[in-house]
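Here subunit A shows up in two complexes: once beside subunit B, once beside subunit C.
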Partner chain A sequence: MEDFEPNIIGFLCNWCSYAGADLAGTSRIQYSHNVKVIRVMCSGRVNPMFVINALQQGADGVLIGGCHPGDCHYQHGNYLARRRISVMKKLLEFMGINPERVKMAWVSAAEGRKFADVVDEVTEEIRKLGPNTKIRRKNEW
Partner chain B sequence: MRIGVYVCECGKNISATVDVEKVVDYAKSLPYVASSRVYKYMCADPGQELIKKDIEELKLDKVIVAACSPRMHEPTFRAAIEDKGLNPYTLEIVNIREQVSWVHDDKKKGTKKAKSLVKSSVMRSALMEPLDRKKVGVTHKALVIGAGIAGIQAALDIAGSGYQVTLVEKTSSIGGKMAQLDKTFPTLDCSACILSPKMVDVGRNPNITLIANAEVEQVDGYVGNFEVKIKKKPRYVIEDKCTMCDDCVAVCPVIAHDEYNQNLSPRKAIYIAFPQAIPASYIIDPDDCLGIDPLICSKCKDVCGPEAIDFDMKPEIIEDEFGAIVVATGYDTYPIENLGEYGQGNIPDVITGLDFERLISPGGPSTGALRRPSDGKLVKNVVFIHCAGSRDPAKHLPYCSKICCMYSTKQALMFKHEVRDGTAVNFYIDIRTGGKDYEEFYQRAAEEAKVVYIRGKVSELIQDGDEILVKGVNTLTAETVELHADLVVLATGIIPSQGTKDIASVLRLSLGINGFIKEAHPKLKPVETSITGVFVAGCATGPKDIPETVSQAGRAAVRACNIIAQDEIEVEATIAHVDEMLCRGCGVCVETCPYSAITLIDTKRFGNTYKVASVNEALCKGCGSCAAACLNGAINQFGFEDKQILAMIQALGEE
Partner chain C sequence: MVDQKKLVEVAKETLARKDVKYIIGYKKGSYGFQTSAAFAYTPKDVEEFIFTPLCNKNLAKYPLKEEKLPLKRGEEEDKRKIGIVVKGCDSRAIVQIIQENGMKREEVVLIGIPCPGVIDQKEIEKRFPNQSEITEIDEINDEYVFTVEGKEHKIPKQELLAEVCKTCGYPNPVLYDVMIGEEVEVNPKAEYEGIKKLEEATLENRWEYWEKQFQRCIRCYACREACPLCYCSTCMADLLEPQWIRRSVNLSENTAWNIMRAYHLAGRCVGCGACENACPMDIPLMELNKKLGEEVKEMFEYTPGLDIDAKPLLGSFNPDDPEEFIK
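Take a look at the complex of A and B:
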């Protein structure tokens, strides 16, 4: 288990959390390499199906980053995301998957340090949970 | 499908911690990849040329650039591939600098992550489809709603740029609250003297169509093409015929409250709001008139020489189209009835700041000499209470109304100028004088005019004989204060006007927690709203003084002109679209969309009519929330299609 490197898929909104991740870069803040990012315009775009799919396709965890409450570039997409993801976490529990594998975080475009911290924290938490073996499917291609 | 993958070294910025050659080799092993290359600076001209040459020679259909953040150079590379005939929206950027090389020192791990990201982009790229640059035509005309100083200034500035503008005002005259003010801080120049010339300009400007006594009932459409329905209530006086002779007023038998004078004096059922009113015409208030019926009373009609009175006038619906809208519907003041601690409006000599403006005005109810409402006695001692309703999250408004410190100070000064031997006492929580020359103005009041300032809140006001007992605490000395006053003026807080709330619901604008119209961005988009093409100015967005209102109105006018000056405007390309065969018309997406961009429409299929979702391309801003909400996968987002994102997920899931 010691050398288990979690594979985490991150969905970041273009305006806040993706920009925060870029800022971590321009500030040269080092953080763990385990989160691989898919950029969406708004965290509200993240269909719960994407999260389940990520876990099926081999991810050990999922991170969803949005603007802080009240700061959404699209009025309230981040609230929609929060609502959907919390419902989906219940579903995960029902499916026997630890809902802690899915994390939401509010990161603003000014919070490079916070983004790095969030990634490190999420990585460590998932590392503790170990590899995701449920509902996982093997692709051959 | 032939994809080219271009990996940038960014000098050493990327290559120091990512093995770019390995990334290129890996890319070449991926499906659809026809070519992959490294270059030192991909964004520089030779780098772009390299890509362009490959597009031509290798007949590439898609291009992927692995370099810095798409927030840096997406436009650069989009333009480059468009130059060679590829659709700009099929460009894919892999962020291997900000999100890989700069944040992971470990070259092995960084390279592995970069490879994985490149793979996910190849998967997405393979599924990308060309998108249209969407354009819509523009009506070269603006609508300004509300004609206080904000709306007046916005209309004059738009008209001054040579565009047609329609100005809609709810009441019988333009001018708004500023028309009620006597003098203005910090210069004490007379409000009417600086406002009236602007009002006259509005009336005369050939580019401005003024519709007073009217409200906007319905707005459809979108930026560039708003379809607007305006309801003009009957005035019963023909504006062009009225010569303002005042003969009708003398004969009208009805006595009503004069709103312009804060109900502190009477007016007739036929009246003019104030002498400088624009449109310069009298009006009959149908609620006050005995019947708008010559059989009941037609005294005014009988005496009107120019035959301006028309009892048969009907409400009129005016329909027009506009390219942009400015909302300038202003404020109201916090109702005195809510202030239990200050008598709830039941103590006649406890009045509001606006009441005071009218009372001290030479044209006001007491014609200049400051007489109090209860018994008309000349006022000698007056107490001003700041923050009446403001900065009190527990009971009243949580926010600071911003202008009350200044207007109370102004009113105290005006009082001292008029009643030299009188005393003026101001109770305040903090004195906020953050404006040009404002602090000096306050110093002048306190030091030269000897206005007394007591830091502390007044806890109670009690009628005591013919005076008012003011009970409070001086929080600097921790002593209780009790004093008697002839008149108490409450600096009641600024709240969004009813008209602001009404128009927000007509336009479906977002409101902030305090009910004011919410800006698109509190700092950088202070006049933009949640709806493209709708701008806001003045106190409709929050408490403001006149200088700030005027500057904001100017910016709103420029932003409106930015739109109406165009023949066509480009709208977002990565918007939502509906697969009608999958849609079951549940309307979940309609509720989800923050911009009301989706409606359910009827569609014919095999002879039957079904409801399906339809996206208004000009309203959609491309957040994709609807696509995540639809349970049938019927609505999706161009450029961020489910299948594209799922392909990326698949690539990233496999180690």
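Take a look at the complex of A and C:
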């Protein structure tokens, strides 16, 4: 398990988290390389099925980054995302899929340091959970 | 029990109204313990209407599934209303559909029936597997009385009552135009069987349970077709571009489908049990729906299908929603 490198998909909102990641890069902050970032225009754009599809296609965890409450570029997209993801996590938990594989974070464009910390933290937590085997798609032919 | 004569009488009166096109109700099925939906256009059709403890189908979906042929030149759209016979759960489904702008309140006339609970069709078919004749069931003093192969059976109500009806908090229609008979008392069981056992189990055991269930799923989508709230004209599961879930039947895709189905009913499911009743593989789908319903009620204090002016749960928000899980 020690050399297991988790595969994490990050859905980052264009206006805050993605800019935060950018800032972390331009500030030359060192952080884990496990998160593969997909830029979305808003965390409210993240259909909960994106999360399921990511887990199916081999991700060990999913990170969703949005603006802080009240700061959404589209007024309230992050509030909607928060509701959706909290319901999805409850469903996953009831089905026996570890809800901790789905992470959410509020990162603003000025928080490059926080972004690096969040990624490190999430990577460590997913590393502890081990590889995702439960709903992963298998190529059986 | 509901007075059959009164039902026919009220249905006839409703059908006689100029602004009513037809009435959807229940009639005898073609065999065994089945009942089917009846579409009454004439007073003679209405004579067939029944309401027995076997009427477990949800009729709320039929107005949405009506085929609308293109109009001929000069022809005008038939804007008359559709009458529906509704139990508690059907009326809640209609409220939910109206709330989501799936239909308008003035498009339907609702004949409400206070529902004493319906029979778990799977259970009764398991007990009498060879019954092919049409069977009529009477409810007398908390017992179901019916004849199978010349022998009269009396079975206590609680043995055959569907699990969803035991926990039903709204047996009386919440929205109706005419009500038949007296309102029934509400006395629901607090716990839905099966959920508690799963809640106490560990994550691994829960997955073991659901893995076994989902492995059996044949993806016939009967649950979707039966559900009064799965009325999207194109379902995400049928789309090829983008293809949300693959069509192959294997554990991964079956799980994804079942997650999708349950999730789309979060904060919308009215708990009629139509999905589970329709499932040919006996997957306990209502456990997922009920559990999500409970969670939604706990987190957001929201119960679906009660108020036509309420906002849909996942389309609205409250700044104070729980967010402990967010970093």
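Assume the second predicted complex is superposed on the first by the 138 of 141 C-alpha atoms of A that agree within 3 Å, B and C clash if a C-alpha of one lies under 4 Å from a C-alpha of the other, contacts with A are read in each partner's own complex, and residues count from 1 in each chain.
Methods note: contacts are C-beta pairs under 8 Å (C-beta built on N, C-alpha and C of every residue); 3 or more make two chains touch, one makes a residue touch a chain.
None of the values given here were measured: they were computed from a predicted structure.
Once the two complexes are laid over each other on the shared chain, residue contacts for A:His76 go to subunit B and to subunit C alike. Of the two partner chains placed around the shared chain by superposition, neither subunit B nor subunit C is touched by A:Leu129. In the superposition on chain A, A:Ile38 makes contact with subunit B only, while subunit C stays out of contact range.
Touch criterion met: A:Thr26 reaches subunit B, while subunit C stays clear of it. Touch criterion met: A:Lys90 reaches subunit C, while subunit B stays clear of it. Once the two complexes are laid over each other on the shared chain, residue contacts for A:Asn53 go to subunit B and to subunit C alike. Under the contact criterion defined above, the residues of subunit A that touch both subunit B in one complex and subunit C in the other are 48-49, 53, 56, 76, 80, 84.
Note for the complex: subunit A touches subunit C at residues 48-49, 52-53, 56, 69-70, 76, 79-80, 82-99, 103-106, 118, 121-122, 134-138, 140. On subunit C, the positions that touch subunit A within their shared complex are 198-199, 203-211, 236, 244, 246, 250-253, 255-256, 259-260, 262-263, 266-267, 288, 291-292, 295-296, 299-300, 313-315, 317-319, 321-323, 325-327. Here subunit A touches subunit B in the complex through residues 7, 9, 14, 18-19, 21-22, 24-26, 28-31, 33, 36-42, 44-50, 53-54, 56-59, 73-77, 80-81, 84, 116, 139, going by the rule given at the top. Note for the complex: subunit B touches subunit A at residues 69-71, 95, 97-100, 102-106, 109-110, 112-113, 116-117, 120, 510, 530, 574, 592, 594-595, 621-625, 627-629, 637, 640, 642, 645-646, 648-650, 652-655.
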